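So that we are looking at the same thing, I have put the structure below in structure tokens.
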Amino acid sequence: MAGRRFTLSLGCPDALGIVARLSGFLAGAGAWIVEAAYHADPDTGWFFTRQTVTAESIRMDLDEFRARFAEIAATFGTEAEWSLHDSTERKRIVLLVSKEGHCLHDLLGRAATGELPAEVCAVIGNHRDLDPVARAHGVPFQHVPFPSDPAGKAEAFEAMRELVDAHSPDAVVLARFMQVLPPELCEHWKHRAINIHHSFLPSFVGARPYHQAHERGVKIIGATCHYVTAELDAGPIIEQDVVRIDHSYTIADMVRQGRDIEKIVLSRGLRWHLEGRVQVHGRKTVIFS
Amino acid sequence: MAGRRFTLSLGCPDALGIVARLSGFLAGAGAWIVEAAYHADPDTGWFFTRQTVTAESIRMDLDEFRARFAEIAATFGTEAEWSLHDSTERKRIVLLVSKEGHCLHDLLGRAATGELPAEVCAVIGNHRDLDPVARAHGVPFQHVPFPSDPAGKAEAFEAMRELVDAHSPDAVVLARFMQVLPPELCEHWKHRAINIHHSFLPSFVGARPYHQAHERGVKIIGATCHYVTAELDAGPIIEQDVVRIDHSYTIADMVRQGRDIEKIVLSRGLRWHLEGRVQVHGRKTVIFS
Amino acid sequence: MAGRRFTLSLGCPDALGIVARLSGFLAGAGAWIVEAAYHADPDTGWFFTRQTVTAESIRMDLDEFRARFAEIAATFGTEAEWSLHDSTERKRIVLLVSKEGHCLHDLLGRAATGELPAEVCAVIGNHRDLDPVARAHGVPFQHVPFPSDPAGKAEAFEAMRELVDAHSPDAVVLARFMQVLPPELCEHWKHRAINIHHSFLPSFVGARPYHQAHERGVKIIGATCHYVTAELDAGPIIEQDVVRIDHSYTIADMVRQGRDIEKIVLSRGLRWHLEGRVQVHGRKTVIFS
Amino acid sequence: MAGRRFTLSLGCPDALGIVARLSGFLAGAGAWIVEAAYHADPDTGWFFTRQTVTAESIRMDLDEFRARFAEIAATFGTEAEWSLHDSTERKRIVLLVSKEGHCLHDLLGRAATGELPAEVCAVIGNHRDLDPVARAHGVPFQHVPFPSDPAGKAEAFEAMRELVDAHSPDAVVLARFMQVLPPELCEHWKHRAINIHHSFLPSFVGARPYHQAHERGVKIIGATCHYVTAELDAGPIIEQDVVRIDHSYTIADMVRQGRDIEKIVLSRGLRWHLEGRVQVHGRKTVIFS
């Protein structure tokens, strides 16, 4: 509905005058800012910003704009990380699934209604159960069986990696994919592999979190969307949400209630990632939502 | 996962010993209670209960059990309303839609994963836009165009009524169906027609509630699931939920954020209705969730 | 505002006909039930109920009613636990505090406005900082300094125990009291000592939970009200609540935001405890709120 | 805990280069920015910003800094509104109360623990009930009785106005003050008089909102903190929050549950106001929280 927009993201060591240099550059380029957010972290001395400008307001083409922004960014130190996103470039995602279909249904529904700003290139499952769901939405389903022996599993991950990488996706979404990624894949898809964990982390890491929550007698359950890292369920958290339960909830009730939270938290975190609203620094995230 | 269960619901004028008579009857029948809830409303002097028992524990068949319960219920006054639901009888629903697909995607996804305890018999739309969504889920779609002239509209409602009634549904769900039901249809589907309104009622009754909310500058928006009555958006409320927004939300942002709440509130209210957890008294509901 | 009421609580092994026997007894006594709640736990095979009746409706005095209820309760097994509470008996509480005053201010404010159904008999602090707060509310403050050596600490706990027990309190509230109770005191005040922990347990057990939460980068923080047991922060949870934060929150911001949740969660859990709405079974609670 | 800080707020018609000019000025002054927030409203074409800098980083005194900022602000149009706040200047507030004490207890408790960044200069009541509460906190209480006749009431408001204005307060807080301010007082204390309304506005405007909510059968209740304007309960909303209820809640239960929300919403809105985080434009607010 809005016209073409460019979004600049920058993270660098905090210093005097960063905003002045950036905004001076943008004003010089005639850029009309429609969204701007800043954060300076006093603990790490790091500065973060995200700014969206209308493409039509800029007196140069994207390549020149990018080159000029790169020059500015270079003055903020060698550690500075930046990106420039064009709203007319469509993002691409691949979904990894197992047998549980609620997150798949949800993401495909959001993609179909245009809410999720991305093309779902493929759904890859270690079981065939969700093949019909993908096909009903016109998305190719690829089956990669996971044997239980380590060698076979390693081969399966290698096969999956090739299938995924063929799409050059902006996000690899573990939509209730029940396998633990090997460390080299975590590194390979660093800050692109996004998982939904069905607990309010760091509570109930690992398997069967609803069973753990039931056992502990908590009064609220939750879900956590995070980047995948080699340490299980310990990657940078993008989004969390919770829902109230009570003593009458069986594990089945918790599973059902939790699904709604999982779907919302995953879709919200994924959308922010795709819109360049997430900046990772160390094991934490800055979210310009 | 659970075995066969019978659920008794009763609403009647409050009196001494109702629970004793009911529970005496159940104990006499050998009924093992797995869920029980009671509510006495001091304002209206009305008593409500819902009790679920395992079928296998009862020393009589369903017909006899129903007949015996009817005898007990009759002693609670002529106004007493009761029902007896068998968990092996599958409920039936019909969905009315227009162009917005998020609630339809959501309900069909929930039906497909078995979460919604009902068969979706048909989707009826006043536009053809959502035909492919229904068909992808293997549900018949029926198109009833709504002309803008009163006579044509009345005919369309009559046609829709016939299509709906052919399925004898337990619920007629207005899943973002944008037409106002005529009073006689509200009466005909009384306590069966369920609407999702995209505001936190009684705020922002009527058309374009997100626009109204944006205009007023509220900091939280919501959605309301309610039974349809002749007075617009004033029927008994089944469920509501809200989500926080801030000054940066455009109407489009509110629409997107609101969708998640609409889906959850509608599916929750509908499930409660189908599970016999909702009792209506006057313009209010008792929810044994 | 309401008249005199008796509240019966019962926990026992689940069996056929418990409700029938209980409600038969109540109907026979002419008891008018104004609140009733039941819960059967399929995992532990335990049955819980709480029922409130109007005193004026009962055709016997409290002692006889208690004796008759005891007879019924005895038929539910030797493990059965029951209590009978008279709404005209005022509950008594003692508050243990340290230097942080927000929970003390809150509880004394609630007691002053009549919301908390209890008399605050004493405030006991290991520091003198909150003496003026207690005195301003007309509540005696007692100072028990806690030396850092084990022997001195043990003596201090012994002194505190005597001061507390002199009031025969229905609840001993650790209102941000920063000392860990020794196991024998946990046992002595079992199911009466109530703590507020400033995290969403089981996340961030132990010291400085807000620092832990800040380090982990969570997007929501919480507070937990629980019974004190020998295992630190692992007692039965009475109530929890949460509040959203974001990357811009310093630890000081989290502390301030968390205080509001701590106050609400503690006061809610304490009120439920005082109204006999909490039943403990194993390490979990049933809350008839 | 932090050092001395200056906070600049600006609202003006949006234009190209505002941020560049502002940040250029700040960089030139050597100002180290610790907080910065921007908002451009596409509907009204208005631009808002709030920036906090450390005082020690600035190479000029406050008066010169203010003068220089005023020069910049003047270039943003005659409608531009700006302010410059020094964190070492203590804010002043006056509380208006009636008989209900929970908000008064809460605000005085927050002031006592240092959470509320303001001095409570006086508590003014139209009844004497809360005199002891104010005095216990060492705050003067002034009684202004309100007769029921219009002339007497007008005199009472005039007397109250003089008492309030004698303190030159930054905020006049209607802490459950049950009188409707006359239009001229609304105008006189424009954007300084802050009210807490015990409903989720715009639902349940006016008297007895909990009764209205009970009557309507809503499933969630709320509270709203807003600036007072001549139109009842229609002023710019600063903050809202909600809490879930169910069919079992009596009006008394709703009143009790609602109090917690009222206290939090009022104290949060008031703190934001005092910290210069609220900018009013038309009938809406921008909150840089």
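Letters A, B, C and D mark the chains as written, and numbering starts fresh at 1 in each.
The rule is simple: contacts are C-beta pairs under 8 Å (C-beta built on N, C-alpha and C of every residue); 3 or more make two chains touch, one makes a residue touch a chain.
For reference, the UniProt names are A, B, C, D = Formyltetrahydrofolate deformylase.
This structure is a prediction, so every number in the text was calculated from the model and none was measured.
Visitor: With contacts defined as at the top, give the pair, A-C or A-B, that has more of them.
Guide: A-C
Visitor: Based only on mean CA positions, could you tell me how far chain A sits from chain C in angstrom?
Guide: 41
Visitor: Which whole number of Å gives the spacing of the CA centres of chain A and chain B?
Guide: Taking the mean C-alpha position of each chain, the two centres sit 35 Å apart.
Visitor: Taking each residue of chain B in turn, which ones touch at least two of the other chains?
Guide: 35, 42, 248
Visitor: Select the category (line, ring, star, complete, other) that matches the graph of chains linked by touching.
Guide: complete
Visitor: Per the contact definition, I'd like the list of chain B residues that touch chain A in the complex.
Guide: So the residues of chain B in touch with chain A come to 1, 35, 100-102, 105-106, 109-110, 112-113, 115, 133, 136-137, 248, 252, 256, 259-260, 264, 267.
Visitor: Enumerate the contact residues on chain C facing chain A in the complex.
Guide: Result: residues 39, 41-42, 200-204, 216-220, 222, 236-237, 239-242, 246-248, 250, 283-287 of chain C touch chain A.
Visitor: In the complex formed with chain C, which residues of chain B make contact?
Guide: Chain B reaches chain C through residues 16-17, 19-24, 26-28, 30, 32-38, 40, 42, 57, 244.
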